[in-house]
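Here come two complexes built around subunit A, the first alongside subunit B, the second alongside subunit C.
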Partner chain A sequence: MISRHTMSRRKALRTGAGLAAIAAVGAPSILHAQTRTLKITTWGGKWGEVMKATVLPAFEKEFKCTVSADQAFPFVPKLQSSPRNDPIYDVLHTNSNEQWNSFTEGLVMEKITIKEVPNVADVYPYAVSDKIVGVTIFTSAIGLGYRTDKGLATPTSWKDLADPKLAGVRGGYIIPVNSLGQAHLMMLGKVYGKGLTDLDAAYKALEALKPIKLVDFTGQMEKMLLSGEVSEGVIHDSGVYRYDGQNQPVDFASPSEGVLALEQVLNVTPGSKVKDLAFGYIDYMLRPDVQKLLAEAVWYSPANKKVKLDAKYDAKLLTTPAKVATLIQPDWKWYNARKEDIDARVTKILKG
Partner chain B sequence: MSTALKAMTNKRPFDAGRAAYLALNLSLLAFLLVPIAVVLIFALNPTPYISFPPVGVSLRWFEKFFASSDFMNALWLSLWVAGCVLVLSVTIGGACALALARGNLPGRAFLTAFFMSPLMLPAILTGLALFQSYLLAGIGRPTWGLILAHTLVAVPYVLRTTLAVLHNFDHRIEEAAAVLGASPIRVFFEITLPLIRPGVFAGGVFAFIVSFDQFPVSLFLVVPKGETLPVVLFNYMKFDLDGAIAAASMVSILLALSVVLVLERLIGLKAYVKL
Partner chain C sequence: MSFGVDRSIALRHDARRMAAAVRSRPSPIAWLIAPALLLFVLFFVLPFGVMTAMSFFSSNPVSNPNAVLTTRHYERFIVDSAGIFHDALWSTLRIGFITTIISLLIGYPLAHWMARMQSRLGHALVLMAVIAPMLTGIVVRTFAWMTILQDKGVINTLLISWGVTAKPLPLMYNEFGTIVALVHIYVPFMVLTLTGVIGRIDERLEQAARSLGAGRLRAFAEVTLPLSLPGILAGSLLVFALSISAYVTPSLMGGTDVLTLPMLIAQQVGTSFNPGFAGALGVILLLVSLAIVVAYNRILARLSGERGMA
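So, the complex of A and B:
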């Protein structure tokens, strides 16, 4: 009987090897179980390159987690379709108009405070104003991009876009699908009427901009300016400054009535299972060194007041309280509530 | 009769109908091929924006495309998914077609409509519905989920082409084989399959191309670092509208064309075209 339980040397080695193999196979899954995953949305292009190459690996190392960064649009419909108690994203990165839509549907939090994200203490007031849900980490200035080789005077007012000389070579957006177009419509109300919400004045001014070349994305507007198809158009400063040093005959002008804010907003989903990581990520994105790295890579104005950019960027971006004061923030809650009616009206105006 | 007079006598009279027929065919060809030519021009134009006429010839956008790990990963994933979809849809679609054509199934018309229904729904809704179903089932968005989704929209193509072949199928050949002692399995592999093969594989080619170019269904089902080429191209276009998009399109077109040519060489799609 004893001999039946005695293990031969070969059998012992085989059993040991088997156990070691099971341990080796099982170990990564155990480690994986200990590593938390933060699910975020983020932009593509140059921003995405810097995020993937530098920012996210450093965050993962410091916070001992993995980040699943979704660059594939559409973010908000995906979030809407996922369970509220187990959302597909922990942190939603979009422009401000989409954050308002998401907040209205209860998909994201209303405010991000110093208590959750300490670096919020250092942001400019616009980053957490009553026009923002979540917190702004960067902004661009929406103004006028123009060709410098067409004999055009540097634009000084939004009204310059209506110059008859620009008929057919001025550029705008398909307003129902582009937030720059929507912001510009509100600005037309301010410039030609009683304020950003004066839609009648805005519609009348929009009619006067015809004929106008319309695009869906800002990337298309950039290329139309570069190719000369458009001589002057509505665009954000980063869409023009990114060609700095490439010998392209384009420049950006800030109209005297003010520039519109195109905010990059981060927000946390209420059902996130890793809220501490989500807040940690937002705090990380507001750190001066991270802000400087991204601001100089993509020409975004940092929301953190303490960021010191190199002279080239500092001269052009909104980095002082005086320059930040030229920013006008649209009321997206107001706009989104009327979007269907506005879409129908502007489509009728711009048809053909 | 002089030579000139002879030539005049032999000259075919102007046929307006034939001229109109040729003009229509040339117009259709131009309609199909001009966009591809324009894409090729953009892909070879070195300027960082789309311009016409082109200012030169350069391979810089092809170099950018092949040097980008994002594009390459997406390309390989698209090829892998399309390959799996081809195998699955040929198996499922071929089997369904046989059952529908030969099985004397009750409600055959309803079943045919049911299997064809993915083509009747907007693909974006199919993608959204599957996305929600996967999340509710707690399986997330695995690659096999994407493959199944593509298979869902690809099967009707195989079904349709196989049913077309089976419509002209002579059952007496199978009966003769059975009478001569062949087992049902042998009859299937040696008689039925070779005869329906052109239809099945023509459907497979469609399935491959439908999957490789699939955008609306993939939109909701891809995951970070697991995006297919059409989705990567769409997102790239929002930020960088340069010739790399055109280069990627040319590569896609050439790959799809290669698959068709390889299958034609291997199994002879011309046989299906004759049907």
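So, the complex of A and C:
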């Protein structure tokens, strides 16, 4: 009887190998069951460096999870092509215009409230205004960047960009592909016409800005300003302030008509399987210490009212209710609904 | 007797079975072609099929249950109420044609020289020189051209400092700059294709023509050039296809003066989030390109006296 239950050496080896194979195949799923993964989108550059080095490891440790961060644009088409009940991202980080596109297609939630994210209680009103889907965690101010070595007066109005002296050395964006260009177009409607939605006035003013150097992303505008290819151009404050202390002859000016908001918005996908973790991540990103770290790393204005920045940053960024009141938030829902017509019109205006 | 007949019938049946078995067994060539065919199906036929299907839907049918079948993306292109889509198509083809012609004009003499070069070392060195630019990414090469051609670039800075011109010349953010960069990027493709074909042309044919009284130019025009037409066709098609599908270089070098279909497609996918219209533009670009390729093939075939070269 005993001999019948005794394993031969070969059989023991075979069984052992089988068990090892099962363990090897099964281990990741067991691990997965224990450690949840939060899938997010995030920026690259300095922001990405700070996120990878400090912010995300601390979040993973505290929430006992892993974060899979996608830095490769474009995010929305990837989300569009993934199943709604198993989206490629749990948290979508984009600018406001893309959040509105995603919301229109049902890819993200409409509002993030105090109930889900307690730190929403401490944000400035613009962060959760009716112009926002999701919640704003930071904002930049879109205004005018200029060279300080070209004998130019500090710009005080958006109209200064139309100064004939700047012909060929003023800078803007390829409007169909850049939200700063789109926001600037709306601002032209406000400055030269009846308001942000006065497209006829905006088109006329855009025509008057020719010849203008156009780029498709802000990094390129920074390079053009630094090289002197452009003397004055539309840019966000962080795109200029990040060269603070590097002895570059560039500065940022906030026009008297107001600065446009370039919001960094976080939102949760309705089909996310880890919604509690996603809300936890947004809450974490709104914590004063995390906000301070990131704001000072990339010169973004924090959305949390309680954040106290060092004097150098506090002097330039939008950190008081009075400064925040100068922010103008475009109606991206309105713009996106007309984007195809606007794209065609501005392409014709700017071509040639 | 009957045994003999039965046996011969059985043998015939066996032979037929064996022949059928051989016929049904894939040839070794088929096995060799299979990976390439699989790649073609996976990375061209399948994506193109999906793209074509998407172009007939109002939105993504996988993620949006309300998506309906429609031809509105094609109607939008055909009607072109905005007046930019037909311009973009024409601009794409024009840039493709000019880039191909200039690449051919630069590439042919170089390829001819390389093919006829006696020195192995010399051939290897020239080949290295031709291939060297391909070792750098297209984005890097385009940025290099930007530093050369921009208003504050090498050429304009020199011209202004020498007093040749007071204002910078418009060397980029237009079709000129785009074509310059594209030619630089695609000339190696033309040279490598032509070198192989010209190298296989028997030099003695040209020598025979010259011994019969033809001058150097006539011998080239009547012997070498017609025999190298397959290379011209292959190189031209390669460069044309690459030029009309280029995205990075026209985007960076063209500014707002250049709008090509690949740029419009990227715009539709990346910022307008309209994959249906992007798909329709892709299908239109492919169909127009195919029509041009067929026409070009026929013209060259007629010139060389052959039927269907590619």
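Criterion: the second predicted complex is superposed on the first by the 321 of 352 C-alpha atoms of A that agree within 3 Å, B and C clash if a C-alpha of one lies under 4 Å from a C-alpha of the other, contacts with A are read in each partner's own complex, and residues count from 1 in each chain.
Note that contacts are C-beta pairs under 8 Å (C-beta built on N, C-alpha and C of every residue); 3 or more make two chains touch, one makes a residue touch a chain.
On a predicted model such as this, the values are computed, not experimentally measured, just so you know.
Partners subunit B and subunit C, brought together by superposition on subunit A, clash. Once the two complexes are laid over each other on the shared chain, residue contacts for A:L214 go to subunit C alone; subunit B is not touched.
In the superposition on chain A, A:V50 makes contact with neither subunit B nor subunit C.
In the superposition on chain A, A:E105 contacts subunit C only, with no contact to subunit B. In the superposed model, A:S82 makes contact with both subunit B and subunit C. In the overlay built on the shared chain, the residue A:S227 is in contact with subunit B and with subunit C.
In the superposition on chain A, A:A72 makes contact with subunit B only, while subunit C stays out of contact range.
Looking at the shared chain after the overlay, A:K348 reaches subunit C, while subunit B stays out of its contact range.
Touch criterion met: A:E340 reaches subunit C, while subunit B stays clear of it. Annotation: subunit B segment clashing with subunit C after superposition, chosen from 9-17, 27-35, 63-71 or 207-215, is 27-35. Subunit A uses residues 73-74, 77, 81-83, 227 to touch subunit B in one structure and subunit C in the other. Those residues of subunit C that touch subunit A in the shared complex are 59-60, 62-64, 81-84, 87, 150-152, 173, 251, 255-257, 259, 267, 269-275. Across the complex, subunit B meets subunit A through its residues 47-51, 128, 131-132, 135-136, 219-220, 222-225, 227, 231, 234-242. Listing the residues of subunit A that touch subunit C in their complex gives 73-74, 76-77, 80-84, 101, 105, 168, 174, 176-177, 213-214, 216, 227-229, 339-341, 343-345, 347-348, 350-352.
Against subunit B, in their complex, subunit A makes its touches with residues 43-48, 68-74, 77-78, 81-83, 86, 88, 217, 219-220, 222-224, 226-227.
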